[in-house]
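Shared between the two complexes below is chain A, which pairs with chain B and chain C, respectively.
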Partner chain A sequence: MRRIPQYAALLVYLVFLGFPLVWLLSTALKTPQEMASLDPAWIPREPTLANFAAAFGEQDLVGAGLRSLVVALASAFLTVAVALPAAYALARYQGVLKRIALGWVLVSQVFPFILIIIPLFMVMRELDLVNTLAGLVAVHVTFTLPFALWMLQGYVRSVPRELEEAASVDGAGRMRAIVSVVAPLLAPGVVATLLFSFISSWNEFLFALVVLKDPDVMTLPLTLVRFTGPEGVARLGPLAAASLMATIPSLIFFAIIQRRLRSGLMAGAVKG
Partner chain B sequence: MRIKSALAAVAVVALAAACGSGGGDTGDSSGGSGEPVKLDFLSLAWQKESVEANKAIVEEWNKANPEIQVTYVQGSWDNVNDQLVTSFEGGDAPDVFHDDSPALAGFASKGYLLDLKDKLPASLQNDIPQAAWDTVTFDDGSGDQGVFGVPFLQESQVIIANKKLLTEAGVRMPTPAEPWTWNEFADASKKLTKGDTYGVAWPMKSPVNKVLNLALNFDGTFFQTAGGKTTVKVGPEEKAVLQRIHDQLYKDKTADPAALGMGTADPLPGFFADKYAMLPVGVYLRQQVAEQAPDGFEWVTLPPLKGTTSNQGAVSQTLSVSADSEHQEQAIQFMSFFLNGKNQARLAKGDWLLPTSQEAASDPSITGQEDGWDVATASAKDLVVAPFLKVNGYDEWKSKVATPVLQEFFANKVTLDEAAKRLVEEGNEVLERYQR
Partner chain C sequence: MWVLLLPALVPVLIFSVGPLLYGISLAFTDAESGRNHVTSFAGLDNFAALLGDDDFWQSMQVGMIWAVSVTALQFLASLGLALLLNERLALRGVARVLAMVPWAMPPVVIGLMWRLVYHPDAGIVNSTLGTDINWLADFTWALPAVIVMGVWSGMPQTTVVLLAGLQTVPRELYEAGAMDGAGTWRRFWNITLPQLRPVIVAITSLDFVWNFNQFSLVYVLTQGGPGGRTRLPMLFAYEEAFRYGFFGYAAALGVAIVVVVLALLGVYLWRQLREAS
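Coming up: the complex of A and B.
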């Protein structure tokens, strides 16, 4: 009985979180006439799949989705691959270099993207990376890296140093201690960072807009925006249908790894 | 936001230059060794019919011109200026691109655009009236005037009305030859206001361009230039439209104050539910009305209102050629084909806007009575260049001064005289900075 208020609060929170998604689904299934009704309904009166047909028929959503998936997965795994060793070093070694590195990470977070976009574009051109997915992955990794590094070094710090010392007492070398003792405990942090990097890349619009020119290499956010016009006017039905489709890969990715994320948070709490 | 971002990007040009611009090879075009010339065409069409028309015209061109192949790239209005600034600075801009005339002024003065003066075929030049060319004629940054785009689509403000309610109220049905005056409009609004129905809804989320364009009905220009210096002016001519809209809201009570915060398309549900009898909106909104109107709902397009004149301010959608394009001649050839009279009629129909081409304006596909095309197309004759188009600092005046002041005025929080004073005094401070 004492838990009823907790469950009620949870329910309210779930409704708050779920509302946009449910409304998106509802809108995607409505006719243009029903969308312009003064008396909107949750359940469409005359459900239609015409918006999905328009979205898929007019734009290459599948192709764009696949390209976004490739970019987001590559960005996420590359980010973690680069950030993990750096995070370990930052968390374990003391010194001036560490303070400078952490300071740089923080400063890079407050620098407005729009200010560096033109020089970045020029660098990309010199490297022949404009109009390529590899170029976009490079940009996404670069910009996700500082925050990923910050996240991961927090997780590394939460693993007690004594565990590594215990391992070395038992005869393990540093690498062995890292691989067998630290790495398993870091799994939740790695998963959280992967998730963050994946979603950042999956949703990213501005750099993709600047880097990708050719219609054949465009990612999902660039494709979704084609359903919008000037001054906020949009083709709401196809946009809702396409946006709904665009949320599915993120949901699947999250569903697959959320177990580890949850247990990771608990592990962090206990160790911290 | 778009403009702000674009300006921020421009502000770092010096930084960009310091980073070294490197080579100028765009890498994707040839034309010298028997291979076709390749042109990139960035289009902002977004309505289904309009995208189809764009693609079809590009396809026709590519079929007829194997030596000049055009790649159609669909962009978006919200981000195009950020995208273009980056491309211009990076030396990788599309050869031909779609934009609107307010954006071209800034690009022209920075040398990003090819001056098309004397480069366009006479057939295209003569098919578009001077009033439209005025919307793309700007200072090239060195004091000379150049033509930096081809204007091809324009928007006028019409009134979309509920036919049944109009008939029941017994008001005179205006025609392009005999439009309503503002007084008749006010009278009609009174007759249409009864029960839960308001005669009119003024969606004023972005009030400035709308008010400034309509103000020309009473010769209100809002800006004056003397001795090379531009200042804000709010006299009786400028106040006329402001006062009339305000009267409908608070004196006649024929306009719903709740609609003031709405965007252009937001009052449509109320319009379909007989809550609003008339909507003063841009011609393009007919598309949404046609698509979303419930079965059996009858609506009509009424011609623009008349004050002391029927003039309305207009900007244009444009096609321009990048100054850095390696194939400027071919880009102009393509653009001239793309915007010939026949094709402009297709583009106008697809976007539910008005073509600048005189040939297109008489095309049967956009002069019939269906969906109010006859009234819409006829309204093009009264369009003149919007006075604000050539005012340096207009964007800042609009966002920092005019938008909040007009919103407060329409919300009845300040008087017309107070609003006028602020528009002038605060506005001149802004403009002053751009004229030093």
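Coming up: the complex of A and C.
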């Protein structure tokens, strides 16, 4: 009996959290005729996958998806390549510099994007990187770096220093010790950071909006926003279908790393 | 030590610290986007101009209403959900997964999804409530509508942190409370909340900063309209910088926002610390 109010409350939450998602799915499955009717229904009268096919038929969207993939992969690998040595150094050495660096990671969260994107934009204009995917990759690395650094140095710290020292005592050099002892233990953390960086870049909208002006180089989020043209309602179905498909990579990767991300956020929140 | 540490940190400096310092310095110049414009030092001119700019004050007001209400509602909703998820209820797994989904979704998709929800003809809100309102273009309703989306999209992080906090509250405290005859409400008020306090302070501070700096969700949903009613400070800064090309002015706006956010956080954290001790 005591449980009844609790279940009622849980139901309210399920409805609030779920209804926009259900509506997105429902819109994606509706025919253009049904979209035009003035009495929208939760469950499509004649469910169709035509909207998904239509989304794939849009040259813009497929190309944008591929460009997003290239940018996200490049950003993820570059972020980890830049962050890993720094994370190792920060986790292993004590001192003022370390505290400054970790403080920086936290402080950088407070600063609004505008203070980062304007200078980057000015530098990129000098280097002719505006409107290029390479330019966007550079910006994505910049904005993912602090959190990637935070995640990675946590993983390095969880590898006991004694293991590394034991390997050194056994006659392995410092590099050998790192490669054969630390690297395998660090691999899951590196993968998690790669996936996190990939999601950040794949989902990112604002920096892409500033850097990419030409529709021919736009990434998926930008193309999605441009998708609803003056035709209005008729294009909402394919838009919903494309939005769902754009979410799939993030959703899968997120499912893999969410446990690690949760503990990372927890550490950040408690220490912050 | 230093020799080993520095090469590893140089890329971080180039990519992360450098741009920010450069950005802050731009706030004291008259930088513009035009290629032929010669940038010169402008002292505090940009800040003086900001203080006299009605659009600036309007966007700060919208930003405050948005950030405070989203943070507060997010906290209350997430606390309720975290308490429920902490109980042994059926459907708990479903709710847990559902509550995490917004975290993984691209902000653009969240914005587009809510545009479908609020769509005046094809949307579900009007047909469910029997209303005929163009939610996102209505001077009264646009901001509340956007705030609801903000609460929805930010619940995962807050819920996760609060739930983790709840699970660290020692069980013995509740047992002791039950022996003293404290009811559910008393136990919540006298045990759960005080124990959660550090976590609550941390996550609401983080949420407030994130919300105040929000851009993508609202840009996709309303582009700041109608008539600037949902133009958050970041949307204002984006327009100044990349629509009108006033880089120095937009940078000054960024600095002003940092100062406001840090000042508010400072007061909030100081009061919390004082009450805790």
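Assorted remarks:
Criterion: the second predicted complex is superposed on the first by the 188 of 272 C-alpha atoms of A that agree within 3 Å, B and C clash if a C-alpha of one lies under 4 Å from a C-alpha of the other, contacts with A are read in each partner's own complex, and residues count from 1 in each chain.
Assume a residue touches a chain if its C-beta (ideal position, glycine included) is under 8 Å from a C-beta of that chain, and two chains touch if they have at least 3 such contacts.
The shown structure was predicted, so the numbers you read here are calculated from the model rather than taken from an experiment.
In the overlay built on the shared chain, the residue A:A89 is in contact with chain C alone; chain B does not reach it.
Of the two partner chains, chain B is the only one touched by A:V130; chain C is not. By the touch criterion defined above, A:Y13 reaches chain C but does not reach chain B. In the superposition on chain A, A:L97 makes contact with chain C only, not with chain B. Once the two complexes are laid over each other on the shared chain, residue contacts for A:A54 go to chain B alone; chain C is not touched.
Of the two partner chains placed around the shared chain by superposition, chain B and chain C are both touched by A:P119.
Comparing chain C and chain B on the residues of chain A they touch gives the larger count to C. In the superposed model, A:R235 makes contact with chain B only, not with chain C.
Legend: residue contacts after superposition of the two complexes on their common chain; A:V217 is shown touching neither chain B nor chain C. Shared-chain residue A:L38: touches chain B and chain C both.
Touching of chain A by both chain B and chain C, each in its own complex, is seen for residues 35, 38-39, 112, 114-119, 122-123, 125, 205-206, 209-210, 225, 233.
Across the interface of their complex, chain A is touched by residues 5, 8-9, 11-13, 15-16, 19-23, 27, 40, 46-48, 51, 71-74, 76-79, 82-83, 85-87, 89-92, 94, 206, 263-265, 268-270, 272-273, 275, 288, 291-295 of chain B.
Looking at the complex, you find that chain A touches chain C at residues 3, 6-7, 9-10, 13-14, 16-21, 23-24, 27, 35, 38-40, 42, 82-83, 85-86, 88-90, 93, 95, 97, 101, 104, 108-120, 122-123, 125, 138, 141-142, 145-146, 149, 199, 202-203, 205-206, 209-210, 220-221, 224-225, 233, 236, 239-240, 243-244, 246-247, 250-251, 253-255, 258, 262, 265-266, 268-270, 272. Across the interface of their complex, chain A is touched by residues 1-2, 4-5, 7-9, 11-12, 15-20, 22-24, 26, 31, 35, 77, 80-81, 84, 87, 89, 91-92, 94-95, 98-109, 111-114, 116-117, 119, 121-124, 127, 152, 155, 157, 160-161, 164, 198-199, 202-203, 205-206, 209, 213, 215-216, 219-220, 233-234, 237-238, 241-242, 247, 250-251, 253-255, 257-258, 261-262, 265 of chain C.
Those residues of chain A lying in contact with chain B across their complex are 32-33, 35-39, 54, 58, 112, 114-119, 121-123, 125-126, 128, 130, 205-206, 209-210, 213-215, 225-233, 235.
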